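Pasting the structures here.
Across the two complexes that follow, subunit A remains constant while its partner is subunit B and subsequently subunit C.
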Partner chain A sequence: MNVRSQVSMVFHLDKCIGCHTCSLACKNVWTDRRGAEYMWWNNVETKPGTGYPSRWEDQDRFAGGWEKKNGRIELKSTGKGKIIFNIFHNLHMPSMDDYYEPWTYDFQHLFNAPEGPDQPTARPISMVTGDHIDIESGPNWDDDLGGSPVYAKNDPNLEGLSELERSQLAEIERLVFFYFPRICNHCLNPGCVAACPSGALYKRGEDGIVLVDQKRCRAWRACIAACPYKKVFYNWASGKSEKCILCFPRLETGQAPACFHSCVGRIRYLGVLLYDASKIDEVANLPREQLVDAQREMILDPHDPDVIAAARANGIHDSVIESALKSPVYKFVKQWKLALPPHIEFRTLPMLFYVPPMSPVMAARNGDGDTVNHVSRDFFHDIDDARVPLQFLANLLSAGQTGKVRYALRKQRAVRIYRRAKTVGDVGEEEAAEMLKQADTTAEEAEAIYKLTSLCTFDDRFVIPPMHREEAIEMLDDPHERRTAAGFGFVDQPKRGA
Partner chain B sequence: MRRTGWTALPVALLIAGASFAQDPVAYFRQNCVSCHTIGGGRLTGPDLKNVTQRRERAWLVRFITNPKAVINSGDPTALKLKDEARGVVMPIPPGINRELANALLDMIEKESALEESQFKGMTIPTAPFTAQDIERGRALFLGREPLANGGPSCVGCHTTVGLGGLAGGKLGPDLTRVFERLQGRQGLAAWMQAPATPTMRSVFRNQPLQQDEILPLVAYFEDRAKAPAVTPAGPASFNFFLIGLLGSVVVLVLFDIIWKRRLRSVRRRQVMDAAKEVLHGD
Partner chain C sequence: MTDTAQFIDMILFIVLPYVAMATFFLVSIYRYLGRAFTYSSVSSQLLENKQHFWGLVPFHYGILVVLAGHVIAFLFPRELLLFNRVSLRLYILETTALVFGLLALIGLVSLILRRITEPKIRVVTTPMDWVLFVLLFVQVIAGVGIAVFYPWGSSWFAAAMTPYLWSLVKLQPDIQFVSGLSFWVKLHVVNAFVLIGLLPFTRLVHVLVAPNPYLWRRPQVVRWYRKPGGELAESKTGRS
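== the complex of A and B ==
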């Protein structure tokens, strides 16, 4: 057992209102610079939709992530053999059009326009070329367009859905969509790190954050093709790759990352997971349908004395283990099995998990006009019949296995009914208890899920471990030597004439 | 004054050293025999036997050190010489100066006095060349038969009519009419013995053509000169352009096939497809 700690995340999709506050918080802090205008380290997509960059989930085109070949996983986009023939041209780079051409508006014109018969307008200007452009797309161009024939229709997650299901998704009466906020997943088996020929990408030992070393990056851009989530971006001004850094400077000072902090719907949770790093290789190589369970298996119980001992032996600080005990992510992912990894079939083992969203309630009423919508003893009748087809959610969140999504949705629904029985009282306690049982949960667990979902405070949602930079830095730099040689006041040692 | 004296001395020594280091006989062999003989008759340039008696030495020195300037100055003698040479202007001999010119003239004077000068020039048979000679010349020209001393084949830089396809090189002049330009067999052969232009000189100085290579080449050029007058530059360069264009297309198609799984436009194609469906009333 090789215990490591990972700062992990849960996004509760049922609570996301698609306001993009997270995206803007991130943009304002990190990517409001020349060369980074088009980057959205955090973005919110409408599903069904093709997202940003368009159709990023389609790895037949983008060649991100890993694939199994001859019993072993290999990067789809590059490798020691493949790179020789493609050394002058990276074959799988999304074009600017697939992201979007960033623009601003010619606001000055509103003030400086000469007098004329028409009102002056602020025409859009490309932030790359500075020329006037016709805007054709944006990072959330298909926002709220659940039935769009261009974007929604091309969602790769529609694969395996029947014609009927597809046509129903687009029907105006049944039109449905939900939001899918995305940041870097800080994977356990990151494709970007594996692909980098310069060794510029690395996963931080102490918290598992994946970073690009800006000094070592040589603009090969192999990471951009290799990341199946398209969350590494190339800065065309600096000639280096950049990505979500999980706001590590904020984490190190005990603050939640900007997108987490600003989330209006409070959908985001952050906490430490302890996992067994010796299993990464084995798990990433498993057959597709075993991946979700196997990844859960890798996550270790921080209450287990053996795990605690192994963690200590690996140099994980007691305060981090303590933090892991309180981790909301552990509860959602491992205990309640409500949160699922996005597209784990890409085999990067993402450490950002999503609680699948409930569809809008179906308009089924009892004859007397009562609003109670479970009409038979089959309490969960509308889950398989939901407006968002189960297969669609399964394609997105559990490598196509509807069982995992069904389980999470049934449990969420049972908790709702349970709370309804308690607070509204139009559902019998007995019925609620039966529902909890069928949903593989108990009243205590339902209460805990309810609390962490609906009544969660800032400190419930973000259990940020002490980062112990003073210890982490010792791995790279001896503080005593550093103090006597360079002094603590400098990042780089000052030199005469340099 | 003192200062000038100090600097003038080494400079004078340097100039003197440089000029006296040149042996006029060796210099003449390397630079002059392609156009001139001493007592061997006219080549491109006039026979230099007794030239010092025909003209003033001062004029000769002036002409040798910069022939073009003298011709351009409108000097009647120089203009007449240019006419006789069919418009070929003598290039400035490399590294020439007054001392060297005088030394050369002294040497020419001495050689003229001899019964038979070593610079009498080579004798070329006047009988018509055989088809075999012409064929061998063509092989040498095209480089099918390498030059014995390792010099580069003509086709690398030159072309003539009748080469077809991509023809020859465009770096040097077209040699179709070179036989006429250099005034026949004698002149052409002498030229090839020790080419005088800067490029040819530096290329062939250390790997000269051999006697038995020069003759077939002369035969080949004589044969080319008889060919009907066409302007080979037109079709040849157009061919070159066409072949280049075709080659680029083939290579691009090949690249397209090899890397056919590359990522192409995703979003725009999506929009186009949707627009097509709307247009066809899907």
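== the complex of A and C ==
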């Protein structure tokens, strides 16, 4: 057992209202710079939809992640043998057209325009060239199903859905969608790190945050293609790759990352997971349908004395182990099995987990519009008949296995009914108890889920481990030496090379 | 030979090479130590993805093969001359060199056109990029011209250029090997030294950091602040 700690995340999709506050918080803190305007380290997608960059989940096009070949996993886009062929031109790298061309508006024209018969307008200007452009797409162009005949229809997760299910998603006046906020997953087997020819990308040993060493990045661009989630971006102005840094300067001072901190729906949870790093290789190589369980298996119980001893032996600080005991992520992922990894079939072992969203009941079944049928003899019929088909959620969150999603949704439903029996009282206690039993949960667990879902305070959601950066090597430097330098990690200016 | 011509030859073939090599080493090292952030190929593939292929790929394959040929002729002149004694081998070698030279030329022209025509690419083009394009263009044109009009270069390079270059290395410069060469060959040689001297000031520095460790390292890179012993360290381990 090789115990390591990882700062991990849970996004509770049932609570996400799609307000994009997280995206803006991140943009204002990190990517409001030249060359980074088009980057959204945090973005919120409408599902079904093609996302950002468009159709990023389509790995036939972008070749992200790992694939099994001759019993071993290999990067789909690059590798030691292929590097000579794709270092000059990366065949799978998205271009700016796959994201969007960032723009602003010519606001000055509103003030400076000469007098004339028409109102002056503020025309859009490209933030790359400074020329007038016609806006063709944006970072959330298909927000709330905008243009869904083009976007939602082409969602790669619709694969394997029946015609009825597909048409159900787009039925007029009964459209259904949910939001899917995304940041870097800080994977255990990251494709970006494995792909970097320079070894510039790395995972921090103590907290598992994946970073790009800006001084070693040489713009070979392999990381951008290799990340199946397309969460490594190329800064065209500085000539370096950049990605979500999980706000490590904030974490190191005990603050939640900007997107977590600002989340209006309080959907985000952050905490430590202890895991067995010696299993990474083995788990990433397992057959597709075993991946979800195997990744859960890798995550270790911080209450187990053997685990604690092994963690200590590996140099994990007691305060971090203590933090792991309180981790909300451990509860959602391992204890309650409510949170699932996105697209684990890409085999990078993402450490950001999603609680699948509840959705209205399929319209075709309750054609009368009456869906307020909380308890029938078949308690959970509306899970399988939900308007967002289980298969769609399973393609997104559990490598296609509907069982995992069904389990999580049934448990959520049981908790709702259990609470309804307690507070509203129009459901009988026995029926609620029976539902809890069928959903593989207990009254205590349901109470805990309810509390962490609905009544969670700041400190419940973000259990940030002490990072002990006061012992880190940079702390030996005199901070005054960096007084005129340009921010984290730079003693010299981050200026583009000629 | 007149005194002036001799003087110019001395400047071009003795002073320039040493100045070029000195700037190459000193500035490259200084830039690596002091301004590591600027070591990048500053790719523009994100901004333009189609012409990029038709420029970058032929240029790089072409120039790398041709450069490798020069290095071999410099390091193993005797073996090369022996190899070329069979004329069929000589023809094959010469044709290969010409083909890859033309490949480099096609790629370079395509890259220059891309820089001119793509508005997004113009934004990330510096004056130094244009200097580099001019020098590279002169170099490749001269090289291809020599291959066409002064054939059997693989043999006469080994006989004339290699002794000259080694005389520079041995710090006993002897320009009698080069002073009699034609204008185009001289241009090619002088321009090469200018390119070497300017290299550390341009984006060409990416050549110096070509990623060979990738071939040997393990897939995953982990950096630690603290190793289990408590000591502060930066290290790399594989998936273990």
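Assume the second predicted complex is superposed on the first by the 452 of 498 C-alpha atoms of A that agree within 3 Å, B and C clash if a C-alpha of one lies under 4 Å from a C-alpha of the other, contacts with A are read in each partner's own complex, and residues count from 1 in each chain.
Just so it is clear, a contact is a pair of C-beta atoms (placed from the backbone, for glycine too) under 8 Å apart; a residue touches a chain by one contact, two chains touch by 3 or more.
Note that the structure is a prediction, hence the values are computed from the model and not measured.
Trainee: For the overlaid complexes, name the partner, subunit B or subunit C, with more touching residues on subunit A.
Mentor: Between subunit B and subunit C, C touches the greater number of residues in subunit A.
Trainee: If we overlay the two complexes on their shared chain A, which of subunit B and subunit C does A:382 touch? Say first, second, both or neither.
Mentor: Touch status of A:382: no partner.
Trainee: Scan A:37 for contacts with subunit B and subunit C and give back first, second, both or neither.
Mentor: In the superposition, A:37 touches no partner, neither subunit B nor subunit C.
Trainee: Touching A:276, do we find subunit B (first), subunit C (second), both, or neither?
Mentor: neither
Trainee: Quick one: is A:242 in contact with subunit B, with subunit C, with both, or with neither? Answer first, second, both or neither.
Mentor: neither
Trainee: Quick check for you: in the superposed arrangement, does A:220 touch first (subunit B), second (subunit C), both or neither?
Mentor: In the superposition, A:220 touches subunit C alone.
Trainee: With both complexes overlaid on chain A, does A:89 touch subunit B (first), subunit C (second), both or neither?
Mentor: Both partners.
Trainee: Please work out whether A:151 is in contact with subunit B alone, subunit C alone, both, or neither, and reply first, second, both or neither.
Mentor: first
Trainee: A:61 contacts which: subunit B (first), subunit C (second), both, neither?
Mentor: first
Trainee: Go through subunit A and flag every residue that touches subunit B in one model and subunit C in the other.
Mentor: 89, 93-95, 97
Trainee: Spell out the residues on subunit A that touch subunit C in their complex, using ranges where they run on.
Mentor: Subunit A reaches subunit C through residues 2, 80, 83, 87-90, 93-97, 128-131, 189-190, 193-194, 196-199, 201-206, 214-221, 234, 236-237, 239-240, 277-278, 280-281, 313-315, 468-469, 471-473, 476, 490, 492-498.
Trainee: Under the definition above, what is the set of subunit A residues touching subunit B in their complex?
Mentor: Residue list for subunit A touching subunit B: 50, 53-55, 58, 61-63, 86, 89, 91-95, 97-98, 136-137, 149-151, 153-154.
Trainee: Show me the residue ranges of subunit B that touch subunit A in the complex, using the header's touch definition.
Mentor: Within the complex, subunit B touches subunit A at residues 259, 261-268, 270-271, 274, 277-278.
Trainee: So in the complex, which bits of subunit C are touching subunit A?
Mentor: Per the touch definition, subunit C meets subunit A at residues 34-49, 52-53, 56-57, 60-61, 119-120, 122-124, 126, 128-129, 201-203, 205-206, 209, 211, 213-215, 217, 219-230, 232, 234, 236, 239-240.
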